Every structure is written in structure tokens, then in C-alpha cells.
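Letters A, B, C, D, E and F mark the chains in the order given here, with residues in each chain numbered from 1 onward.
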Amino acid sequence: MESQDAPRGDLLVILRHPPHGTSWLRDGLDAALVAAAFGQSVSLLFQGDGVLALHPGQGSGALGQKGTAATLEMLGMYDIEALFVDADALARLELAADALMLSAEPVDATRTAAMIAAHRLVLVF
Amino acid sequence: MESQDAPRGDLLVILRHPPHGTSWLRDGLDAALVAAAFGQSVSLLFQGDGVLALHPGQGSGALGQKGTAATLEMLGMYDIEALFVDADALARLELAADALMLSAEPVDATRTAAMIAAHRLVLVF
Amino acid sequence: MRYALLVQGAPYSQQASHSALRFARAVVARGHTLSSVFFYHDGVYNAARLAAPPQDEPHLPDAWCELHAQHGTMLLVCIASALRRGLLDEREAARHGKSGHSLEPPFELTGLGQLIDLGQACDRLVTFSP
Amino acid sequence: MRYALLVQGAPYSQQASHSALRFARAVVARGHTLSSVFFYHDGVYNAARLAAPPQDEPHLPDAWCELHAQHGTMLLVCIASALRRGLLDEREAARHGKSGHSLEPPFELTGLGQLIDLGQACDRLVTFSP
Amino acid sequence: MILHILNRAPGTSLVYRDALAGMGPEDRLLLIEDGVLGALPAQVRHFTPVLDRLFALREDLAARGLEGHCDATVQVVDVDGFVELTEEADKTVSWF
Amino acid sequence: MILHILNRAPGTSLVYRDALAGMGPEDRLLLIEDGVLGALPAQVRHFTPVLDRLFALREDLAARGLEGHCDATVQVVDVDGFVELTEEADKTVSWF
């Protein structure tokens, strides 16, 4: 079974939106942090243009708001270590997995279904 | 010049959203009606999935709200007669121009730029 | 079964709220329990007590309140999403030195932790986004 | 030149409001007149007087008010969009039998005709949508 | 079985591709709101991998005048059927 | 000359196609907000017909860590340059 090598967990948060343009990325990260603070096992999948969340060198937004890079750096403190990134999206944007601001495991589309199946709750942002 | 055979006018409203899923279509139509009521010459271009606004047989929405078909039927009363519909979008959805609820002139993408140039104000919804 | 909904779309501009209410009514009509609706992101605008839609349009905040009155469904509003968008109950208005309030019971301001609780405690959590 | 802006995005959830404010400041910095900002669709939420964002985030309604105070820019809110979303000034609240209000000057409720006027009277109308 | 719910039209938003990639071999896909445009014969090819498990919401089709215009492979359900699909599923995932 | 403004990324939304179709031979296209993703070398091919008239907003690139990663053909302008582009244009059209 495919799903046996997928990471199991309580919550999978799929982050499909890039930083700054909308608050979806921040809202999804907030949900992940709260779940982790409640002791749940949380996995994150950065998908589509959401992989830009992991791009290094981000700055402040249009009126100086801080964005999400600082929040991402706190994930380890919340024991959120299951980070996955959509390999197809990285390829499409020509971003290198080893040049991201955090270490995240590239996964191809064939593994996404197994990841979704292996988590009790899945939230897409 | 291409723009010479494009309809000239004060306001071009480009309607890109289908009915019911969002209020963009209604909001765009409201802007068109108000401009017409102020005596401006208004053209409408139904583009992309917005061509569904012209599909016959629409009903009420999720909680019984009335949608936009009734508003479209009032366009004539407001002297909004310059109706254009994106021929590529019709083809993509396999809709026939002569089976729409209102008569609108199919235009291909090459004429869009001329239409935009020929109107003083262009609002996209 | 026990259901909960997550609503993330602003009323009137997106169909999400309408879809969620329609689904909510069908859930209870099929004999299930709808414990809670959690409003997040622009979904918090569903709680605006001053909403005054035209007579011929559905009154979404009132429709949610009716769901609460008839079926006891809790109407939970993410406090962090709500405060920045100007949805304050009397207590939060006082705390922020503002006169007046824009949200009142049965809508309740609450933390995001409640959403996580619902995900755990309910059999189904169905999301309606814009 | 005379500029006007059309803002259609909800604050905090979309960048549209932030982009529009940044652009507005640059317009006046270049010596132009910014006559008006027209708020339509979910853009009307920019006028929420009770907004209480965290200290480290921009306060968008206050930032619009500041633009008005410094440059006289009119802050025009589409009344039809606003009423259904729960943004009422004192007068509209009274007219709808609601206690309290959620919008106050310098934001003004006005008809969509004002947007059409702006399109005619200004040299440039720039739209910021979600 | 997981129920995936999609509310965007394939001619506007590319999210349907990731939704399809997220579906296991037993999973079902329900098109709602503007997503029902994907049930048109001209659009249904975007959902080829899941044609035997593709549903569309009757009320949203009807509101758009599309109820009689669906591709024959699409299974049309009303909102009661929508709830039933969620009962039969282990969980739901909403794509937007 | 008309200034077209696009705030959506080509990998998510197909609105860029209609924006391009709406551009006359002298018109310019400015990418802002999430639209600046289109300025990446891997994405800029979507804008091939207007590469000589393609702009991207510096502040929005910088916020996303993309300022040094733009395709060389893209003309980067700050918000002051954005206003200047609107001054030079007869009007603006915002696509979203």
C-alpha cells in the first residue's frame, strides 16, 4: 500500500497560496501552529505557488507587514517537522529544493493522495 | 486602424465571472446600469466563464437569491445595447452564440484590444 | 453523526456562506447533529449583526442565528480573524476602548483551538471556502 | 493630474487594500491630487470603524483616515455593498432600526453613481481588486 | 474513500489539477458552485482520470441553467445526496 | 498607450491570457502582488507577446524574495515608477 510510506498524522495542512498576496498562507500556518500546540502531529505540504513560502530572502509587505517567513522559522519550536514540498511546483518555478529557507522533502504528485489518506484531518489553504 | 471599427463609448464593462458563484457579475452589471442611467454610452463584454451569464434557463441561487438573469433582461430599458461575447470562450464551453438568452455579438480575441482602446473607461469584473 | 462546518467566505460576495447554510440545513434534515460552525478568514463577516441586505436577498447572519435557535448549533468566530476585521462583541469593544459593538450572541468569539477541537470531536468537518 | 482609486478587496485577507494605500501615498508624493477612493464589493470592509488589528500590523481604516486628513481625499463607500455587509453609519443604522453603527466619517456612504462621476471627472481611475 | 470538493471552474483556475493529484483510486470528486462548469461536455475532459467518480451538485447546475447540459458520465446529486456522499466518505477535502 | 495591471500568478489563474488578448501593440503590462511570480525566468514565457513592454513592481518582488530572480527582459519599477506608468498611459485596466 502506498499509504504505508506516507507520514501519518492528525492534521495535514496544504498551503497553496504564496506569501503577501493574500492571508491564506498565514491563516493556514496559524491553524497548524495551534494544532501542534494542542499536541497534535501536524504535517505541512507546500503546493503550487505556495512553494514560494519557502523561498529565502523574503521581506516585509506592502505597508511594512511582516509576512510569514518569521512564522516558518518557528515551526521547529512547535515540533512541526514534517514539511513537504510539491516537486512539480518547484520544477515549474525552477526553484531548487536545497535552496529553500527550510528543509522540506520534495514529493511528487503520486504521493499526495497517500499523504491525504494518512492524516485524520486535511485542511487546504 | 483596428480601433475604428470597434464600438466607441464612455464605459466598457468586462464581465469575467459566471453567475451565482460570486457577486462580481452582479456588481459589474450594477456599475453598467448606473452609468447608463447617468446618460453614458455603455458596452458590455462577456469574457471567459462570464459568458455563462448569457446562458438561458438560469434559476435561483443557493438560498433562493435571484441571480442576474432578470437584470440582464432589463439592459434594453437602460439603452445598453452594445453587448459582446468572447467567441473563444463560447467555443471552449461549446455554447452556441445564437442560443444565448440575449443577442450579443461574438468577438474574437483580436478585437478585444480595439474595444478597450475605444472606451474612455474600462472596468473589469 | 456529528458534523461541523468551517466557513471561510465573506457573505454576499462569494457563494461559500450560501452553500454552507444550504448544506447545514440538509445535514440536520438527514438526522445528523450539527455541533458547530466555525467562521475563519473572511467567513467571520457572516457574524456582522448590523447587516441590512435588501428584502429580496437572504439575510445570512439571521439565517445562521435561526440554525442556532432551532438546532443548538454553536456559531464560533475566530477571534484573531474577527478583531482585525472590526467584528467585536461588547467585551472586546470595551477592551479596545471602542464604543459600540458589531457582533453579539449567539455568535461567540473564540480561539482557533476550537477549530482543532472540532476536527477531533466531530465525525465530519466540511469546509466552504470562497 | 487628478487621480481616483477603486478598491474592491477586503482588508487583511487580500493585498488589494495595502497596494492601494501604497499607491495612494506615491500618487500624492508625486504632486498629483488624489480626489477620492471609492470602496466597492468587499472593499467596503476597509471602512470598518471597529477594526482592531494587532499592534504590529498596519491599521488600514486608520491609514485611510490619515490620507483623508492630510490630503483631503474623499473616502466614498458604496452604500448598497456596505448595507448588506453590515457597514452602517448612524443615519442608516437608525433607518434600519439597529442600535450602534459600524462606519463613521470621514468614510461616507454614497451611491455607485459617484464612481461613474469619478471615472468622468478624474484623469486616472486605478482599480485594486482582490 | 475520501470526498474531494471543488468549487472552481477549470477554465479559470488550475486548482483542479492538484485536486486530481490528491485523489486516491477510490476517492470521489464533487463539483459545486462555479465548479459545476467542469461538468459540461466541453470541460469534463479535465477530469478524465476520475470520470467514474465524478459528481456535480444539482442545485448549482440548475441555478446556472446547466442541469440538462451535463456530460452523461457525471453523476448529478442534490444537496441531500451531497450530505450522503460525506456520510460515506472517511473525510472531506475542499479545494478552492 | 494603455497600462494593464495584473495581480494573479500565471501558475494559478488563467486571467493573464485575457489580459494579453486585451493589449494593443503599444500597451504595457505591469505585474503586481502575486502577479510578480510571472516575472520569474521559468514563468515569463507566458508573457512572450509583450516581453518588451513587461514591468514588475519592485516592492512586491522584494517582499517575496524575488527581486534578484527576475528574468532579464522584465523592467522592474518601484511604486513611484508605477505612478509614472499611469501618468504616461491614457488609462489603466486592472485584471484579477
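Going forward, a contact is a pair of C-beta atoms (placed from the backbone, for glycine too) under 8 Å apart; a residue touches a chain by one contact, two chains touch by 3 or more.
The model shown is predicted, which means the values in this text are computed figures rather than measured ones.
Enquirer: Starting at chain A, what is the smallest number of hops through touching chains needed to reach chain D?
Expert: Between chain A and chain D, the shortest chain-hopping route counts 1.
Enquirer: Could you name all chains that are in contact with chain C and with chain D at the same time?
Expert: Output, common partners of chain C and chain D: A, B.
Enquirer: Same or different: do the copies chain E and chain F touch each other through matching residue numbers, with over half of them shared?
Expert: Same: when the shared numbers are divided by all numbers used, the fraction is over half.
Enquirer: Using mean Cα positions as chain centres, tell me which chain lies farthest from chain D.
Expert: E
Enquirer: Taking CA centroids for every chain, report which one is farthest away from chain F.
Expert: C
Enquirer: Could you state the distance in Å from the CA-based centre of chain D to that of chain F?
Expert: Computed value for the inter-centroid distance: 25 Å.
Enquirer: For chain E and chain F, what's the span in angstrom between their mean Cα positions?
Expert: Whole-Å distance between the two chain centres: 33.
Enquirer: At what distance in angstrom does the C-alpha mean of chain E lie from that of chain B?
Expert: The mean C-alpha positions of chain B and chain E differ by 27 Å.
Enquirer: For chain F, which residues are shared contacts with two or more other chains?
Expert: In chain F, 7, 11-12, 14-15, 33-34, 59, 91, 94, 96 touch at least two other chains.
Enquirer: Please output the residue numbers of chain C that touch at least 2 other chains, ranges allowed.
Expert: Within chain C, residues 12-13, 15, 19, 22, 41, 57, 125, 127, 129-130 contact more than one other chain.
Enquirer: Going through chain B residue by residue, note those that touch at least 2 other chains and give them in order.
Expert: 20-24, 48, 61-62, 120-121, 124
Enquirer: Looking at the whole structure, which two-chain pairs count as touching?
Expert: A-C, A-D, A-E, A-F, B-C, B-D, B-E, B-F, C-D, C-E, D-F, E-F
Enquirer: Looking at the complex, which residues from chain F come into contact with chain D?
Expert: It is residues 5, 7, 32-34, 59, 79-80, 82-84, 86-87, 89, 91-92, 94, 96 of chain F that touch chain D.
Enquirer: Okay, in this complex, where on chain F does chain E touch?
Expert: 11-15
Enquirer: So in the complex, the part of chain A that touches chain C is made up of which residues?
Expert: Per the stated touch rule, the residues are 10-11, 23-24, 27, 30-31, 34-35, 37-38, 40, 120-121, 123-124.
Enquirer: Quick one: which bits of chain C touch chain B in the complex? Just the residue numbers, please.
Expert: Chain C reaches chain B through residues 12-15, 18-19, 21-22, 56-58, 60, 63, 130.
Enquirer: Quick one: in the complex, what on chain F touches chain B?
Expert: So the residues of chain F touching chain B come out as 2, 14-15, 18, 21-24, 27, 91, 93-96.
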